[in-house]
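These are the structures in question, set out in turn.
Here come two complexes built around chain A, the first alongside chain B, the second alongside chain C.
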Partner chain A sequence: MREKNFVESFTKHRLGMIGLAGIVIVIALGAFGPLIVTYPVGYNEATPLAAPDREHWLGTDGLGLGLIAEIVWGARTSLFISFTAVAVATCIGVPLGLVSGYFKGRIGGLIDSVIEIAMTIPALPLMILISAISGPSMGTVAVVIGLFSWPTLSRIVRNSTLKLASMPFIEAAIVLGIPTRTIMFKHILLNAAGPALVDLTIIMATAVLTEAGLSYLGLGDPNAWSWGGILQNAFRAGQHFHAWWLIVFPSLAIMFFVVSFNLLGLGINETLNPKRD
Partner chain B sequence: MATRRSFLKLGLAVTAAAASGSAMAQSKAGKSVIFRVGLLGDVQTLNFWASNDINVAVLQEAVMPRYGYMDADGNVKSRLIRQIDVKEGARTFIVHVTPGLKWHDGVPFSADDVIFTGEYLVKHKLFQNTRFSNVASARKIDNLTVEYQLKAPQVGFADVMLFWVAPMPKHRWETVADPMTVSDDPRGVVGLGPYKLSEWKKGQHYIANRNPDWPAALGTPAIDRVVYRVYKDENSIVLALRTGEIDATSRQFLPSMAGQFRKKPEFRIFEIPSPGYSYIGFNGKKSEFAADLAVRKAIAHCVDRPKIVKLALEGNGVPMHGSVSPVHKDFVKSKIEYPPYDLDAAKKLLRDAGYADTDGDGIVEKNGRKLSIKMMYEGSRNDYDKSVRIIKEDARKAGIDLVLEPVDRQVYIDRQSKTKEYEMLFVQWGAIVIIYDTFYNIYGKDSFLNYSGFHDPDLEKWAKNAKESGSVAESVKPMDEAQKVVVNQIPTLAVWVPNLIFVNSARFDGYLPYPSSNNGTITLSSLLNIKPRK
Partner chain C sequence: MFQYIVMRVMKGGLTFLAAVSITFLIVRLMPGDPTTAFISDSMTPQDVQALNTSLGLDKPLPEQYALFLRNLAHFELGQSFFYKQPVGDIIAPRLGWTLLLIGTSLLITLLIGIPLGVHSARHKGKGVDQAVSTMIVLGISIFIPLLAFVLVYVFSLELGLTPVGGAFAPDVEDSELISDVARHMILPTVTLVVVNLAQIVLYTRSSMLDVLKEDYIRTARAKGVDDRGVIWGHALRNAMIPTVTVTGLMLGKMVAGAVLTETVFSWPGVGSMIYEAVQKQDFPLLQGAFIVLAFSVILMTLVTDLVVAWLDPRIKLHAESTR
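And now, the complex of A and B:
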């Protein structure tokens, strides 16, 4: 009933639905796009840096490869990075937040301190350092982003847990002898999922932006296509001076992805906390 | 404290000059003429004898130049050494030191330094050490004269010594037991050039002031101070040139990048043929596949040089089909070339060698291992990146997985020349001149440019014979034999020879773009000739 209410309310949230539609488009692009355009391989000496036209809808890069194929395949990379980063952040952040909020005391205080310290660490310089040392790889980039994204998630889960743990239905569950694990993961986590979900959408968007930033700095994986990588290739070659399409289209793709996730997060948040009503 | 103060003064002077636009060249305060050079990446070390880094070479031109230089016609000329007499059929060489030269700490430059340099380079296996591998003895005749006796005739000895070797101050280095570990001397760098390195901050800038003790007979520079600024990528250098932050750069430009400076009176563009070339290096000690001749030959069949030149160099270069650059006309007449671009031949070679694609993913395997090799290259180089992308795609069609590994410049240099942690690499020789002599330095067993330590007895023999020939004509036959071994064994695989395009500020006149230099117009000859434009 509760889920049904949420879905009904969410579908009435116009911006949230626009965000969801955008995400569906990106996922569809990642999932089915490769059926439409082939992987951008090789080179085409006849058409380097061709401007957008009927034959090359989004133009070509310095090696004569179609930008549309690079962007479609780049969507896969963005999705992989986002979901991996979210998975890593969830695996670390959620259990720590739950334990910290539920047990309180020394363990909770210790974990809370760890979260606070982790939140003060400047993520980008460290990400650059780790990526530079470990070498360019999509997996590494995704894990590194996830490793620096868990503290906010953990803090959100902890705060929700603290609030929920003192509620009568949890106290009743404890009195009834329901195992702690069940209370934490079934009763508390499910109820704390809303705010966490909002943060996950933010992590998704941030992950793509971060990946684009790392790729732009030359720390992306040259063996895979990514939107940031397309920008970096254009910039490194100095082609951004005269081939505008190499900058505009990947930038639009990144913006579309990020805005979609931010709107989804906004929709979820406002559906769960209907302040406007 | 005094150093800090002087540095601040210098910094203020530089800043003030930078702010004054075209007046930069001649700051009003001291009437000093400042010339600013942009470097792509940092200077690897200030120990000039322990590195083959191009930025080290650029700085070295001003501070610690080599004995001689190559002029516009390709002739090697003397500078720190006044003259070398060749005797006894190129077995004895009498070296005459240029009088009046002093090290930057005031100690006179003498025959002792010349003898010490050769012996020290060989003893500690420093860069350029194999230039002296044929030396039987070095004897001091007087304070300014040295006699070298060689084990075998070597017609190129004088030229390579003049062109490649920079003297070492004996009084500073004779007590250093392990020179390869010395990087930045805290007491300051004692050089011999017309400029003294006065201040530097690694990763940011290097400042060299004019040396008042430099003999006028060797040319008096009009520039009072050379400021080298470090940039992380090519675009930053381009922007720095456009905004007037720098006057020149040692980094060559692709036509598309140079295009924005053409027809602009505030810039001057120089186009010169490159003395170097790009190549793929294999390290059989780090990859069983790189050690497999069939794989190396198959990869050779995957290199489509004309297309790489067209796309990666924007047509600004020539394909290099053999192991000797076409600029060395006497040594390419025999047309000894690598296996040609032929993907079917590559597939057949691999099939015959027992490689097969058993899981249908397009990559062949052998003994349960996929044929996958990492290709390291300097990530900031756009021409490298495009080249390796093209090679990767063709290699994949043949069933070879080349994993691209772009790395930071310092990481690259470290892994190439120190730790040797690479499976394959893509890089460019800056300058390969006096080829009949240099070939041994690239392929000789213990040669300093033989990074992977590749050894083939025949190659060793023929390259050594070429180096120890009594005349250039005599060196052609052993060079041909050595080239045959290279194209058959493929320790390295040449790809392209670039044309070099350099862009300089027109605020100065007198640039000398010599074809022997990979430093563009930032050579010592240029620095002695550049003047602010009136």
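And now, the complex of A and C:
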């Protein structure tokens, strides 16, 4: 019943629905685009660094490869990275948050300190170090981003759990002898899902931005097209000021995806906590 | 208060220890030979031998760890592959440029963001609410290299108002150095301010709205304090607590933003050095950069926490009562 109400009110949130539509578009692009557009590889017949025209809608890069194909194939990389990162972050963040909120005492305090330490350490320079040493690969980048995305999620799940654990229905469940694991992963987690969901959309958005940033710095997978990687190619070849389309179009793709996730998060948040004025 | 400071400094020390321990473990637990991260092809066998001894790579892990911490305590961060100089000597002059950029951007962000947040809290309503949430979504979605490129393209290349990159012109006179650096700083600073402004506005606004509902604000109004006096005299101090807290949490993100920004503008800080080190596969330099940046962020977080404690007397009272 509550789920139905949520879906119903969410569909009335215009910005949230726009965000959802944007994500669906990128997923469709990543899923079906490569069936239509061939993988850009090697040199091409086309003029290198051709400005957008009727033949090449988004222009070509320094090798004469069409930018459309690169962006379509890059969508797969962004999708893979964001979903993998969010899965990794969920697997670490949710259990840690639940345990630290439910067992308030020493264990909870210890985990909370770990969360706080993880939040303070600047993530990007460390991710750069790890990706550089382990060598650029899409899998490594995805996991590394996930490994640095869980602290906020943990904190949010912990705060919800702290509140929920002292509520009568949980106390009733304890008295009824329901196993602790069931209470934590069913009763509490279901009720803490809302705020966690909002954070998951933010984690996905941040993962896309981080992947783009790492690829832009030259730490992306050289064997896979990615939106940040197109920028890096242009930047390294010193083409970025002559061929504006090599910078603008991939960046717009990145921001389209990121804005979509953030609008989805905004929609979920405002549906869960309607403003009462 | 003293007790709180001691506690907080210890926590900062622990965080730093965690950060450096992670780098220690990463380098040694990576698949393959741990020495690859420290040994480049251009080294002679004697160099490699000397390096092995200085890092203790032939000893068991706990001993290596002790040696690693001792080197760190003496500010020995290893030898750069490319520059063939101690890592510390390369980073030190660059750190100042990065801190200058981050510090200036942070200051300007707060100087614009706090009044803007207060203003939007006073004029709340559907239109303003919508504008603020849209601004937040756009602010956290900006891809820094794009913003930086657009700024350079428009203001430097098309309009010729600002320098394209760097921190100062190579032939600048000493007397004009400060104004020249300031001119070079405009675009990188604008980039970082735009990216971080939304968060500061959001937190100032929402905490201001909360504070304005408090009883003591009603009391002040009942005593005849005018609107301006209530906001700036009574409410702002408490409303600032979440803003300062979030500033502390933003520092890590600001460093990440600075790395990307410096790269586009060739700003001679640690960020553009990281980019060069990535291209040159200079692992010791990357490790040193992380350690130095982690230390700076932890130190600045400590400062913001102390400011929060000063703004919020409950924190230090709590620390004393749990003695």
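Keep this in mind: the second predicted complex is superposed on the first by the 273 of 277 C-alpha atoms of A that agree within 3 Å, B and C clash if a C-alpha of one lies under 4 Å from a C-alpha of the other, contacts with A are read in each partner's own complex, and residues count from 1 in each chain.
Just so it is clear, a residue touches a chain if its C-beta (ideal position, glycine included) is under 8 Å from a C-beta of that chain, and two chains touch if they have at least 3 such contacts.
This is a predicted model, so every value here is computed, not measured.
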Chain B versus chain C as contact partner of A:P34, first or second or both or neither: neither
Which of chain B and chain C A:I247 touches, first, second, both or neither: second
Touching partner for A:A132 - first (chain B), second (chain C), both, neither: both
Partner chain in contact with A:P52 - chain B first, chain C second, else both or neither: neither
First (chain B), second (chain C), both or neither touched by A:Q239: first
Contact breadth on chain A, by residue count: chain C or chain B: C
Touched partner set for A:G218, first chain B, second chain C, both or neither: both
Chain B versus chain C as contact partner of A:G194, first or second or both or neither: neither
Doubly contacted residues of chain A, that is, touched by chain B and again by chain C: 132, 218, 236, 241
Residues of chain B defined as touching chain A within the complex: 233-235, 238, 254, 256-257, 259-260, 307, 310-311, 379-380, 382, 385-386, 389-390, 393-394, 396, 403-408, 411
Touch list for chain A against partner chain C, complex: 15, 113, 116-117, 119-126, 128-130, 132-134, 202, 205, 209, 212-213, 216-219, 231, 236, 240-241, 244, 247-248, 251-252, 254-255, 258-259, 262-263, 266, 270, 275, 277
Residues of chain C touching chain A in the complex: 11, 14-15, 18-19, 22-23, 26-27, 30-31, 37, 124, 129, 133-134, 137-138, 140-146, 149, 152-153, 157, 249, 251-252, 255-256, 259-260, 263, 274-275, 277-279, 281, 283, 286-287, 289-290, 293-294, 297-298, 301
Residue numbers on chain A that touch chain B, as the complex places them: 41-43, 45, 48, 62-64, 132, 135-136, 218, 222-223, 233, 235-239, 241-242
